[in-house]
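Chain lettering (A, B, C, D and E) follows the sequence in which the chains are written, and residue indices restart at 1 in each chain.
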Amino acid sequence: MYGDDSMNNNSTPDAVGRVATPATRAIGLLAIATMAWVVVSGLFLTPEDAIQGDAVRIMYVHVPTAWVAYLAFIVTGGASLCWLVKKTPTLILDRVAGASAEIGVLFMAMTLISGSLWGRLTWGTYWVWDPRLTTTAFLFVTYVGYLAVRGLGGSPHQRAQRSAIIASLAVLEIPLVHFSVVLWRSLHQSASVLRPNGDIKMDGLMLFTLFSGVIAFSLTFLWLVMHRQRLLTLRDVIEEKGLEAAIRERKDGT
Amino acid sequence: MSIGTTWRVARVVATKDLRIEMRSRVVANQVLPFAGLVLIMFAFALDDDILLERVAGGLVWLATLFSLFIVVQRSFGIETADGALDSIRVAGVDPAGIFLGKALALVVQLLILEIVLIGGAVVLYRVRVEPASLVLLVTCLLLATLGLAFVGALFGGFAAGIRGRETLLPLLLLPAIAPVLIGATKATEAAFGISGMVTSEGWPWVGLLAVFAAVFGVGGLSAFGPLIEE
Amino acid sequence: MSIGTTWRVARVVATKDLRIEMRSRVVANQVLPFAGLVLIMFAFALDDDILLERVAGGLVWLATLFSLFIVVQRSFGIETADGALDSIRVAGVDPAGIFLGKALALVVQLLILEIVLIGGAVVLYRVRVEPASLVLLVTCLLLATLGLAFVGALFGGFAAGIRGRETLLPLLLLPAIAPVLIGATKATEAAFGISGMVTSEGWPWVGLLAVFAAVFGVGGLSAFGPLIEE
Amino acid sequence: MNTASVVEMRDAVVVYGDFPALAGVTLSVVGGEILLLQGANGAGKSTILRACAGLVPIVRGTAEVLGTDLRIDRKSVRHRVGLLGHSNGLFSDLTVRQNVTFWAQLVGAGEEEINDALDRMGMAGRLADERVGALSAGQKRRCSLANLVIRRAELWLLDEPHAGLDGRGRDELDSILRQAVTAGATVMIASHEIERSRNLATRTVLVSGGRIKEVS
Amino acid sequence: MNTASVVEMRDAVVVYGDFPALAGVTLSVVGGEILLLQGANGAGKSTILRACAGLVPIVRGTAEVLGTDLRIDRKSVRHRVGLLGHSNGLFSDLTVRQNVTFWAQLVGAGEEEINDALDRMGMAGRLADERVGALSAGQKRRCSLANLVIRRAELWLLDEPHAGLDGRGRDELDSILRQAVTAGATVMIASHEIERSRNLATRTVLVSGGRIKEVS
């Protein structure tokens, strides 16, 4: 359907050129730098945990990815709400929402993986039916669903409308995940909830590393979203071209 | 549109749905046998009263959940079978009313099912429900059902609007109703006094259910229009 | 008609059904989430490994059963949606072939599901399957699935032939497949070594499954024609 | 009879997936017209009607129906248009009367409208209490038309309305449409019953390849 | 052209539930005829065709089709009869070609028959690989007709075959039927397109109230 002219037309290539701007380059470099520091400090400088040993180092990935995933989903929700409130003709908000959700799903997956690996080391199993774990899993599925809705097709406007509504409902799940621990602990008398915060002695460096981890992942998030958003813009441009071609084809045909 | 209109439309739609169900008995004949089977099967699978008691709560709500899918699918199947949904959309009917009507019909059908299930659990699994915890049980039933119905109506309608909907519905529905399932299970277990839970422990969960129902009630009323009309 | 024809028709029908499923993914996207949910919800409802192990067998087959309904309904839904069943009947196609084809398509879909379910049970419920009992498990799977598919194809086709079929199917299906459910559960539990059962205890049940499959296989081949054509 | 423009399309494009069913339709219909859309299978007639009903979004060009711009708002116009599509939109488990009553209640029509619509379409009496699922093809179509009649729409969109109807039904339909027009409504018909439709229509356009080819 | 009696009904009665859709139909069709069943909505035309295809049991009277008594055996005749009903009998998730191929394989028709049928119905090319669910109403009908053509039936039963088809499609259909007849087949058509069908038909009967009223 997409005629070749749509691929090598004059607007697309320099649009590709524009995907990377000084701003994104700077952010990218910053992200890499901080990430490097987290790796070094996380793996070598920070002390190993009394009980957990080296396993504790997973925290520097696990926690930041979790929190940044939250951030991503909140950004998605925010952008979606804005779009719903004042229907801007441009779909920039919609694309930001989409891009942010994609990265969020990515990070949530990292949380799940790092978490279950950590669990293997500390609890001896990859998975426990802990409320935090379960709710996290559902949050993950929710946003996979959100992305599926984005993939439904239809006009870009339709896509924006649908996904924005789903997103503004989905974001409400985050508090559920966050407070799941509290909720359950206060209710569920059988101590099925394992929160190891207590037995991690957070010394200064560990805390600093943890938070530089948060910063590093946040920067990475920002960097990826900016790129992704621009790529989505380009994809819409290409689809436009494809549509033009299709229309021309149908006009010529018959 | 005015609340009056919304409510009138809701009544008309709900009546229509329930009448169709009365005529065709599709849901009843599909769902109730299911439900019964779940209970009996488990009575089989673990013939041990203590165990049975422990799973009772979870089973009741799991069965309800399955039924939700069937009920929701049927509920919007009748709209899409002969293109009635298009006609409704063209008729410019207040979508909030449609949403409410659909949800109401779902509530009625689900409640009947749940009562059967709880009854079954009481008989087969010898769970005891003290009068004290009866209040808890009933509130839990009502709120959980409301929540499920709202979610079902919202996403069911959304999915019905687009091709390849069947593939989408579970993906949207499952994570959304998981909290209800958990909350309702816990509350029910508390009401059943399972594994030493006392009634008071159930109420916080009922609170969760209430919040959920409220969120999706409001969300549905406002979002249903945009969702199906696009 | 000749066995050759029967077999040719069966292949054509089965290919068609599977191709439609590949295209629409209705069953996959409806059934697998279901199945997954059953396992997860239970694991959550009773987070207690011993208990989980005990219910594992029952759950796997209960989930399969639910899926059977959906799969069968879909399988004949595509025939009735636009009156294709009438066309098939008029085309004077060998009914035995249709039956076999439908059953084959069901077998494929069910097997995939069961493998997912067993896999899930192994991961989530930490069920252990010794190599020794693997043979038992596989035979059990195959025979049980055959039995379910035959029953499903037979009654599904019968119910599809007449109005208000949905209301009929479960009532026909449930009692017929109860034996499969029990036999398969017991055999699986033996294979899982649940509650001290040893593999050898499983084989008699597998025998039951074999008999069942045989009966409904032969019965279906001969009865399907009369059933759908009237 | 108002002669204001009721439908105003300029290069309107409608896509299904990535297929442009309408590839730039320019069409204007004024009040009181009975416009016949004629064209080959797959030309885009049904899509034009569905677009006018606000059921499918216009992704290019402009489209105004009854004064509202469909690009901005596809909903507010809907309760003023009535669409008879290829499918009947009936609930087969309800009786004819129950079906019509359902729509009547939704659009706020009363008993007498219902009865009037029913016996205009010859569905009064025994048939009124028959399950729709137990009707013949043409009877279903008549029931669907009854649903449309009670709408008292300003813009009637009819997709092959004559198909399935017997001679008397067709005459009845035509007179209903003529009355509607004299009552101030506007009508668009997509049909392959050229002769009959031409007698009915005040103007005919040819749809071809997702565009309006020639206006005769 | 054989002039043996192909359909022979005497006081045939068909009931739906407790409603006698056919209340004693007496009708005889000889080989090579193109019989037009004409009549009001709900008269019983479709039911007659479905009865001839052995889809509904005859509860009173006698009915012979292609020499077999339907009272005794409704099945053995079926593979010699082709029915085009109100519904198309298509699988909307398959492409046009996949649909036709499915039927071809069931009735043992080959590639060239398939291709021939497809481009006779103008469904070759792009449309052949289009999902049926994504077709226009008339295109679906054409696909359904292609399924019928490959059947090479001895008795063709067509229920409103012209509905939904555009002009060219109708002409094509008529020529297909005429060829089928010259090739020795017999055709029964239920239709409301009186003019066109009359030109096509060699004989017309009026169905009314579940009986054959007058034979013109």
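Definition applied: contacts are C-beta pairs under 8 Å (C-beta built on N, C-alpha and C of every residue); 3 or more make two chains touch, one makes a residue touch a chain.
Just so it is clear, the structure is predicted and the values come from calculations on it, not from any experiment.
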- Query: What is the chain whose Cα centre is as far as it gets from that of chain E?
  - Reply: A
- With centres defined as the mean of Cα atoms, the chain at greatest distance from chain C is chain D
- When the contacting C-beta pairs are counted for C-E and for A-D, which pair yields the higher total? C-E
- Message: Please tell me the distance, in whole Å, between the geometric centres of chain A and chain C computed from their C-alpha atoms.
- Response: 39
- In angstrom, rounded to a whole number, how far apart do the mean CA points of chain B and chain D lie? 37
- Rounded to the nearest Å, the gap between Cα centres of chain A and chain B is 32
- Item | Chain centre separation in whole Å, for chain E relative to chain D (CA means) | 29
- Junction residues of chain D, two or more chains touched: 17, 19, 57, 86
- Using the touch rule from the top of the page, what residues of chain C touch 2 or more other chains? 24, 44
- Task: Going through chain A residue by residue, note those that touch at least 2 other chains and give them in order.
- Result: 134, 154, 157-158
- Query: Which residues, counting only chain D, touch chain B once they are in their complex?
  - Reply: 53-55, 57, 74-83, 85-94, 98, 102-103, 105-107, 131, 147, 151
- Task: Report the residues of chain C in contact with chain B in the complex, numbered from low to high.
- Result: 24-26, 28-30, 33-34, 37-38, 41-42, 44-46, 51, 54-55, 57-59, 62, 65-66, 69, 164, 166-171, 174, 181-182, 185
- Query: Which positions of chain B touch chain A when the two form their complex?
  - Reply: 158, 162, 168, 171-172, 174-176, 178-179, 182, 186, 195-197, 201, 204-205, 208, 215-216, 219, 223, 226-227, 230
- Query: Within the complex, which stretch of chain A touches chain B?
  - Reply: 131, 134-135, 138-139, 141-142, 144-145, 148-149, 152, 154, 157-158, 161-162, 165-166, 169, 172-173, 176, 183, 186-190
- Message: So in the complex, the part of chain A that touches chain D is made up of which residues?
- Response: 1, 153-155, 157-158, 239, 242-243, 246-247, 250-251, 253-254
